[in-house]
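Here the chain labels run A, B, C and D in written order, and each chain numbers its own residues starting at 1.
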């Protein structure tokens, strides 16, 4: 029989001996009474930007969606299978989270693919091409900014994409209502993998700035 | 201006003073040379089952998709926006991960919704209803198991769903080829939030068993 | 003359030199004053799941019925020879035990036979077929759960069977009365031969959970 | 929720810390490869005469039926639910045990009931009365032995009953065939709770004698 990867089991042993043992009561409590996360966090799949690590969060705090490039598609109640929209609906309507954070990060492979002038489909299905197509108009505009360096275009699209997702999130009627009622707050964030810097989006201007931490 | 949540900033301060400071070289290295995660991990959004915590993993190890109930849809190259399929394509074709782990967990809200005989849409869009529709045939069969308790039906569907996702994953031609060539290995896992137990799927029988850790 | 098996005599010598010598007073006392076991335990004949070993119990503690698959038939005062019902009557009415425990276990051969789609009688008498017929409706329902693995169907029926026996036990008027008066308590348990895990039945939901031991 | 009895959990803890830990490999092996007990042992439910304790046996050695007064009913393939016959069929036909041991013991409550001249049913169902009815002709004859003391009559019926069960066992065609072929051996034994003495039945004469141990 195929073995479960040993390095994952080794990590699990560390978890059980360490964190689980220390937080056992919390886990039992969370199992018995259910989760009440304060925040829906939409992040990228990237292995270098795990939200629970960056925010040093405890079990039960963050309800986390992770897709390539942390995208939120626009509201589209068309009966097909929408992974991200389903998670948003559950977080807002059932868990009633107080915050939604869309967190992008530097050196994002999905954003890089979206900006690549010579992008070739990664498989016959071209799933990345279709998925990053959500950013197509933005990517096309950024690509014409010939005065920006490649790195600047990448960072620019990473941040444009977060603002785009914020707008798409507001296209969901139940999000808009809850935000209007002051029951949910929407935030953008951007993480620099190399320096560890966290930048947060100014809700008024859309600028990304370094919070006083 | 709307403030970024203070508890997230407090967590970020802890991260910077602790883990980032300790692992700065690793972060810089990962930023400079890109990620090479060994594992694609498909997990649930649930705030109580973060993969990086359960496997005590370091930055750069796990490429993580999180959607409600850790579902993988079947291969459907239809040009629409498939969050999960795009992440799988990227992990297999670009990152060339050696392992894929589909991790479910106990007390999953999505699974509970799928089994609820009186489920009412959570919004006009009914996104959770449509998303969990991926499990509809399985849920309908499990619902008829009247001799099982509600808890047993829930655990049963949580595990059936993992096997279902394994099968769907194999419907992607590029996954099938890589697996046949012995270049990628597919695993199932199930986490018990209360006890912290990890159960892994026997690849032959599909049974979930406790690994010797 | 046919010899009594040597390995049983060897085991008996160990008993006399060890446990009997250590507990001689207890044996004499139990012989002089009769047994007053606290618990009626209904277990399977399986050689791997002896109650006195699993509960490390002393002589005089457990009144033990063992039949294939630890079944309790429904109350049937029809004048025929009911091994299990007779033991229950004696334990409740004469010994006045405070607890009844029905203990099943994993990999039960009787349950396996009940689930086997191609079961052929083991002899002309078909005694196993008739005995496991007590579980026929349950076995038939579980057999239709095609999404469960063979192992999962087996575990499911092992546990359904315990709940079934609990229900049948309550069909005995004298049990029902004693339970209603708070004088006897009914419990279910399930033992995993491989891991040694003991799971106990939640009296309210019927779920099997691991007790905090 | 009703608690599982604490003294049973305490005993289970001792088992896990002691015997299970010491014999873990054996338990895993027995789970993986199935049981192959050498002996079918038919004993009484009495809390003072557990076979695994008296023969100091290890997991996997004894397939154990326990009913009141260790009775074997005669072969009766009538389609009703025969607990003891089913266990015999399984042990002989599936497990192919090499030995069958019928073990009685002193101060047996069932035998005492069978001999009681003023026995009143223990419940409306009179299950003990019906079950011990298997010994009725023998009990009636012993009751007339007015020269024997009450204690002698009790011991006499305990032993007559074992010989009776040996005869009934041989009424099963598949047992008779296997015995004739030399593949199974049938033994009687009687345990004295007070002194710990084991007496075994001489297969030729039917006498109970103390083996050289």
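As a convention for this text, a contact is a pair of C-beta atoms (placed from the backbone, for glycine too) under 8 Å apart; a residue touches a chain by one contact, two chains touch by 3 or more.
Please read these numbers as outputs of a predicted model, since none were measured by experiment.
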Chain labels contacting chain B and also chain D: C
Shortest path length from chain A to chain D (each step joins two touching chains): 3
Most remote chain, CA-based centroid, reference being chain A: D
CA centroid of chain C to CA centroid of chain D, Å: 15
Chain centre separation (chain A, chain C; CA means) in Å: 53
Cα-centroid distance, chain B relative to chain C, in whole angstrom: 40
Residues of chain A touching at least two other chains: none
Graph class of chain-chain contacts, one of line, ring, star, complete, other: line
Interchain contacts (touch definition) - all pairs: A-B, B-C, C-D
Complex contacts: residues of chain C adjacent to chain D: 1-2, 4-5, 7-9, 11-16, 18-20, 24, 27-28, 30-32, 34-35, 37-39, 45-50, 52-57, 59-68, 71, 73, 75-77, 79-91, 93-94, 99, 101, 106-107, 109-110, 113, 122-128, 130-134, 172-174, 185, 187, 189, 192-194, 196, 198, 200, 202-204, 211, 213
Chain C-facing residues of chain B, complex: 138, 141-142, 144-152, 156, 159-160, 163, 195, 205-207, 210
